[in-house]
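Here is the structure we will look at.
Letters are used for the chains, namely A, B, C, D and E, taken in the order the chains are written, and counting of residues starts over at 1 for each.
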Amino acid sequence: MTSQPLLSLRGLSAYFPIKSGLMQKTTGWIKAVDDITFDVKPGETLGLVGESGCGKTTLSRTILGLRAVQSGSIRFDGEDLTGMSLRDLVSKRRDMQLIFQDPNASLDPKRRVGATVRAGLDIHRIGTVRERDERVAEMFARVGLDPSLRNRFPHEFSGGQRQRIGIARALIMKPRFVICDEPVSALDVSVQSQVLNLLKDLQEELNLTYLFVAHNLAVVEHMVDRVAVMYLGRIVELADRDELFDRPQHPYTKALIDAIPAATPANRRHRALLKGDIPSPANLPPGCPFQARCPSVMSKCKEKMPPDFVTGGNHRVACWLAEDT
Amino acid sequence: MKLQKLTQMGLASAVALFVASGANAETLRFRLGEDPESLYNVETNSLTANTVIASYLLERLVYFDKNGDAKPWLAESWELNEAQTEITFKLRNGITFHDGEPFNADAVVYHFNTILAPESASPHLASMGPLTSIEALDDLTVKFTFSEPYAPFFNELAGATGGFNSPKAVEAAGSGYGRAPVGTGPYMIDQWIPGTEIKFVRNDNYHEQFRGDAVNKGAPHAEEILLSVISEDGVAQAALEAGELSASMLLSDTIAQFMDHPDFNTVIDETATNLMFLEFNHQKAPFDDVNMRKAIGYAIDRESALAAAWDGFGTAALGPLALGIPGFDGEVAAKYGTPYDPEKAKAILDDLGWVDSDGDGIRDKDGKPAEFLIKGYAGYAHSSRTLQVIQANLAQIGINVTLETADWGAFYPSLLDDGWDMDLMRWTARDAGILGELFRSPGHRQKLPANAPLDDLLTRCNSTVDPAARNECVSEAQRMLLENVTIVPIMSNWTVIATQGNVKDYTIDRMGYLIPGDVRIED
Amino acid sequence: MTDMILEEQQTFGKPTGSNFARAMRRLLRHRSGQVGGGVVLVLVFCALAGESILPYDPLSIDPINRLKPPSAEHFFGTDELGRDLFSRILYGSRYTLMIGLVSTVIAATFGITMGLLAGGGGKWADMLIMRVVDVLLAFPYILLLLAVVAILGPSLWTAMIAVGVGGMPGYARLIRGEVLAQKDAEYVEAMRALGASHLRILFGTILPNVLPQMVIYASFTIPLAILAAAALSFLGLGAQPPIPEWGAMLVDARTFLRTAWWVVAAPGMAIFVSILGMNLFGNALRDVLDPKEMSK
Amino acid sequence: MANYVIRRLLMIIPIIFGILFLTFLIKALIPTDAVSALFSGTVSEDKAAEAIAQIREKYHLDLPWYRQFGIYVWDVMHLDLGESVRTRQPVIDEIGFRYVNTLILAFSALIVAIVVGLVTGMLSAYFKNTWIDVTSMSVGMMGISMPAFFLGFVLIFIFSVQLRWLPVIGRGDFQSLILPALTLGFIEAAALSRVTRSSMLDVLSREYIRTARAKGMSESYILFRHALPNAFLSILTMIGLQIGNLLGGAFIIEVIFGWHGIGELAVKAIQWRDFTITQAVILVSAGTYVFVNLIVDLLYTWVDPRISYEE
Amino acid sequence: MTALLEIENLQTHFKTEGGVVRAVDGVDLKVNEGEVLGIVGESGSGKTVTALSALRLVDEPGKIVGGSIRYDGRDVLSMNKKELTQLRGDRISMIFQQPRVCLNPVISIGRQITELLKQHRDISSKEARNTAISLLNSVGIPDAEKRFSAYAHELSGGQAQRVMIAIALALKPRVLIADEPTTALDVTIQAQIIELLRELCREMGTALVLVTHDLGVVAELADRVAVMYAGQVVEETDVETLFSNPQHPYTQGLLSSMPVLGQRAERLTAIPGTVPKPSDMPPACRFAPRCKTRISLGMDICNQEPPQLLRTAKGSVRCWAIEGAS
């Protein structure tokens, strides 16, 4: 298992400028993605967990080259994508695909679903038109849709079916790496499990590597091999799945797990609630980004950004509490 | 400075909003079709401006009586020298301008010298012809000297051009004079809201009215005259009906309802010094051929055009001079004109080789179909209707024409270019000199080929001062123009005016100007 | 998994078809759609019907029968040149409709291109194009029209070009706004993620999705174009005689309002009914094509 | 906010510059100039050639268009709008009071348009797809469903000739204002009516309206206090756009009702090819348009707290 | 004891171009004083329409075409406009899924509370303001005095839902209908809101109707649960029974398809297929096409005759399999 990572991020940051004043000068930055470092190994599923506004969507778009990189590097299959020309990046994109959260919004309402699935092949001019159509039919069957439905419009499908179309669109490119951005959070419970099973099946069949972005810890726990927890643009904790769920170390991870509603009424409990809201990522104070809500905040937390502390095996946590362990 | 002025104007206007205009029963309200650009006759020559200037404000040395003969007005008398190159006027004594300045020989000299001065850039400069100098022989005697005899000059003297302004006022007002003219006329300007209305008040120090054709020899009846700018005929008609106008010139389309109405009178002036006619691009085949032009002439149904365009209020024309202009020769017109005769037209076209060889209803020659472009002025419905009648007439004889109308600024200059075959023109003039202006080669649109006999004749008409001799010359010119089919005359329309029933003595003089002192409101 | 496909089949009814078909169905049930659509249909029928349905030649003059009031012989009476007004109105519908359509097509083609390039063509293109649009919008509309006519010379085509030029900035602005709104939509991002080029996204993905907004807008600019052409006719710069374009007919007839009302009423009512109908139809279109309605 | 206002005011300069540039470009493309328009039709130009040359030189019409443009921009920067070629009077005298007239008419018409547009638009939105909808929309769109001059003639005929309530001839007083303001207002009402309807429909389907209903607020309260303020943003935008029409597009109304504003002047000036006037009208109305739209943008912050120009 | 809010055989239909959609088709529900009733269902199950129907808030083209709704013995469906506005917001109030869009964006949150107070109570502006501020305090809005004049866009989702709760509970209503109150919120905020609802309702004795798709939220809060599927209640029972001994195959499937924290199963048991389209309802039992029980038992009746609601020990269930067994 010492194989080369498929995706490797080193100190990746993506900022948005804040402009103000008469001349619209940049007076500050929203650090949507701030100094992110992790690897994704071939064939594994890395979960990326965080609440809204934590930067997980920006991170996934940045990896795909859809957002500008402020600093740091993205290496895919050993190649540095950050310095790559647009043309090379475009061809690289065939290997990296994205499954979107909202199947309603991510399908072009004016395009027949067959054409939507075929779009990638058209763009990269793969095969003849006939071959493309054959591959679309094949892909439809593979994600559990009747290929005869190719000529319908998205609005004629249910949410789950639309998500299958979205999956087909991504996988028709035969990618090696797929970012699943909250792939089931817009779906009904009964459909959600179908799609999760489908993703798992496809991963096995096609030997895919997933970056699985989600906010639902129960889903993440079910799907992934390792978990990275993100808060305000930073990875605060990263560990193997069992390690993280059984022995969470960061107070934020603990709170996240604790906040999940009970599975049965018998497990109702009084929970330690995090106070307050998630602060805006613009102009954060120095120190730990979690300081404002942390139940065990220390004075040190307000002064210095905690570095990554590695505790036991592959468990990495960015919290001063872990300094001593 | 400029900004300050703007705000002042604004305030004045805003205040005016809530002040009802206080005009009394002794106010006459007339319509103006458009706002005159200036009322200084040296710098303007538009019909509207001329009418306003000549009717109310300024008086001239002479006027034309009903027969078209020049009669003394501010002049007591005049005499010509033997060579007919000097005219000496004796002026009436005791006449003053509105500002109290005396009207004298100096005022006359000043006026014509100003027109002659190049820096005035006067549009009348051209109509001064061979006038070389004006001298004041004494306080009441003026001598005009010409390098050669110049017959149309009396027309200029009797028109707006010949009206006199107070030299002192002109000097004092500078460039603003056009808004505040000072003359000797029966009315004085009181207020002019540009684009809106011009208000005149009675000149209470008015001298005697010396015109022979005026009924009222004393000061005018009405205290005030209000000229409202109304460009739309329908609006003028409504204003008349609503009693907001005392009188208005109207299009003949709208006059019908006032004709037999007990509450209104109509004044119809059949003098008709205008002419609507079809012109040709003589430099372009096939209209370089006189027979071709003649065929067109025979094809035009003038009565239909007259009915369509002017509801019949006019006279079909066969001659090239309007019937109201001295020198008009009806006999020549009848003899050499091209009355409506489509058969004749067809015969001529056949002779010329224009035949319908492919049976599409349109004649052709040498493989070229008879398709032509007529340009016209878009400003008035009557011109577009006439064009449509012409189009139908020509279709009858197998000629297909396309019509293209435009505003004057585009239409008239475009005739200097080559992309047209015929145009519909309408002209208003008072003097037969117009024939020379328009048709002496290369013509007003630079399209007439040199025609030495005609050119000489037209020149001679202008330098023949004696009326009888001049008329003979003008008749000859009319004949030649008809023989040459330089143009195809179509019609002259009458001036049509409706007044309130109680408005009396609304008289239009030979020059087409109102005699305002006569107009009165009967109780 | 085969079992699942079978089950999915069961939940699938007959195809509900394209958005267009759904919009048409909804339009038929819309009151304004019924009224306006009816008027538009009649108008289109008249325009397409050809000259065979005309009782008289709309162009041949007959001065003897000028200004005859409506009768069994002439339903709408005759005009100042003795032409049958009913025939002229029917015949003129094609010109009136043509003015609306052609000028709108001109405005839309250039406006859409400008808007797409401004909205999707980067900061500088946006800056430049939108300043041009600002200038055109701030420029008094009628003067813009007059200027175009003054440059090109008056004709029916010039009038249509002028009105088209005048309508351009409106389209550009609308499209730019729509493009900006759609630019970050997920389905656009999905195309980007697949590596689609800028132009493909702009014209292939965004354009089809902003088209309904365009159709709605066009349904309101067509009647406006007809009126603008009538305004040009008022200045004698619209359709040239003897073309029986309604605006030009109305302008030429206006002096007869009191003496021969039918000459004015025929084109006046024709314009009024058509344009009101088109506007109501536009309203209905807005209701049925609105993206929010579409997703219901 | 101040920064925003300054930035927007500075943006006016390139727009005005662009408009003047366009104006001169048009002027260069139009074949006739003021002098030939003035002289043609009275006497043959060749005879008046000297006078024409004089005037051309005086008004720089003999120079190439870009040099005329330069001279004009220089003069405008010195607050000098020049002199009308046709009347030989300072342009400012021609345009000043007409501008005020236009503003008065535009403002009055705007009030009419807002009243008519809002009432019909709201009615029609609230009774969507009923006959009330069709009827009130028809009323709202009445004005724009016929050519302005036709509507104007009909109104004059009814109110001035038949009923004798209002004068035919515009004298600049309040009574003369009523008919043109009504006509123009009705014409401009159509767009407002439509925008009101569609934004009210949009707003009425919003969740916060359901919330208000769930709170037990009365229907009229919901309509006027909850829905209308939200719909007002797009209505305001439309008003801003309409100012342009009201300033320059009212020429037919001005001609028919004898309400002498800059629209009428501009159209006549372009027919006379009197470009100093045309330029000044364009300058003034474009400037007003841009300025009014700045005001509208600033009003947004007042209508909608979500919009803020402060950083 | 009569129920506080009682819905019987409710039928709410939508007229669409595809025909009449029976969004709610014969729903019976009962809410007792102070109780928490959970209504669980997936999208399209009719749960939200049921909730809206209770206050007659269904928008066109939806219409309540049958059944009865009684609040405290009074017939809600026959109330006139005035009575209805008196009921709404005062006796029965409601909160919705997307708190930020449910607040009027151009009216300050303070005024959105005071306008409610003034509509239903005869109080002065000053009193209303004070009440509003103390309400904001009690739902945990920090700095309530200052936030009084804030607008919706200045609030986070959690804060907005707190404000919505403040509005809903301002007049101490006897029933609060909460439609997916936590769905749009982040996990940590969701927990806060659940706590807040639990506390406030208990404090005021307000009965809570909790409409949600999230069984976890039901497990946390509800006393009784009604499970809805395709416009009908398929099972109704107390919360413990539902989780420990679900009767209806749909409930069973729902519970087993949900990933549960700590279970870490390799595969989830999914319910095959999708919720039927309203235009294309199965003729008899609406769940039949997706029902594993039917397939394994080979029951034909499920496709022939609609099952009736059957009383069980702790509640009721709508299923032929249960009927056959009993």
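In this section, a residue touches a chain if its C-beta (ideal position, glycine included) is under 8 Å from a C-beta of that chain, and two chains touch if they have at least 3 such contacts.
For each chain, UniProt lists the protein as follows: A, E = ABC transporter ATP-binding protein; B = ABC transporter substrate-binding protein; C, D = ABC transporter permease.
Every value quoted in this text rests on a predicted model; they were computed, and no experiment measured them.
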Separation of subunit A from subunit C (ABC transporter permease) in touching-chain steps, minimised, is 1
Return the chains shared as contacts by subunit C (ABC transporter permease) and subunit E, ordered by label. A, D
In terms of C-beta pairs in contact, which of B-C and A-E ranks higher? A-E
When the C-alpha atoms of subunit C (ABC transporter permease) and subunit D (ABC transporter permease) are each averaged to a single point, how far apart are the two points in Å? 22
Starting from the mean Cα coordinates of subunit B and subunit E, work out the distance between those two points in Å. 87
Distance between the centres, which are taken as Cα means, of subunit D (ABC transporter permease) and subunit A, whole angstrom: 53
Between the Cα centroids of subunit B and subunit D (ABC transporter permease) the separation in whole angstrom comes to 37
Return the residues of subunit E touching two or more other chains; collapse runs of consecutive numbers into ranges. 272, 274-275, 277
Mind pulling the subunit C (ABC transporter permease) residues that touch 2 or more other chains? 4, 8, 11-12, 16, 150, 235, 254, 257-258
Which residue numbers or ranges of subunit A touch two or more of the other chains? 158, 161, 194
Within the complex, subunit E is touched by subunit C (ABC transporter permease) residues 3-4, 7-8, 10-13, 16, 22, 25-26, 29, 296
The subunit B residues in contact with subunit C (ABC transporter permease) across the complex are 232-234, 237, 251, 253-254, 256-257, 301, 303-304, 307-308, 377-379, 381, 384-385, 387-389, 391-392, 402-407, 409-410, 414
In the complex with subunit D (ABC transporter permease), residue positions of subunit C (ABC transporter permease) that touch it: 30-32, 35, 131-132, 134-143, 146-147, 150-151, 220, 223-224, 227, 230-231, 234-235, 247, 250-251, 254, 257-258, 264, 268, 271-272, 275-276, 279-280, 282-283, 286-287, 290, 292
Subunit A-facing residues of subunit C (ABC transporter permease), complex: 1, 4-5, 8-9, 11-12, 15-16, 18-19, 185-187, 189-197, 200, 205, 208-209, 211, 291, 294-295
Sites on subunit E touched by subunit D (ABC transporter permease) in the complex: 52, 55, 57, 59, 81, 84-90, 93-94, 96, 98, 101-108, 115-116, 119-120, 151, 153, 164, 167
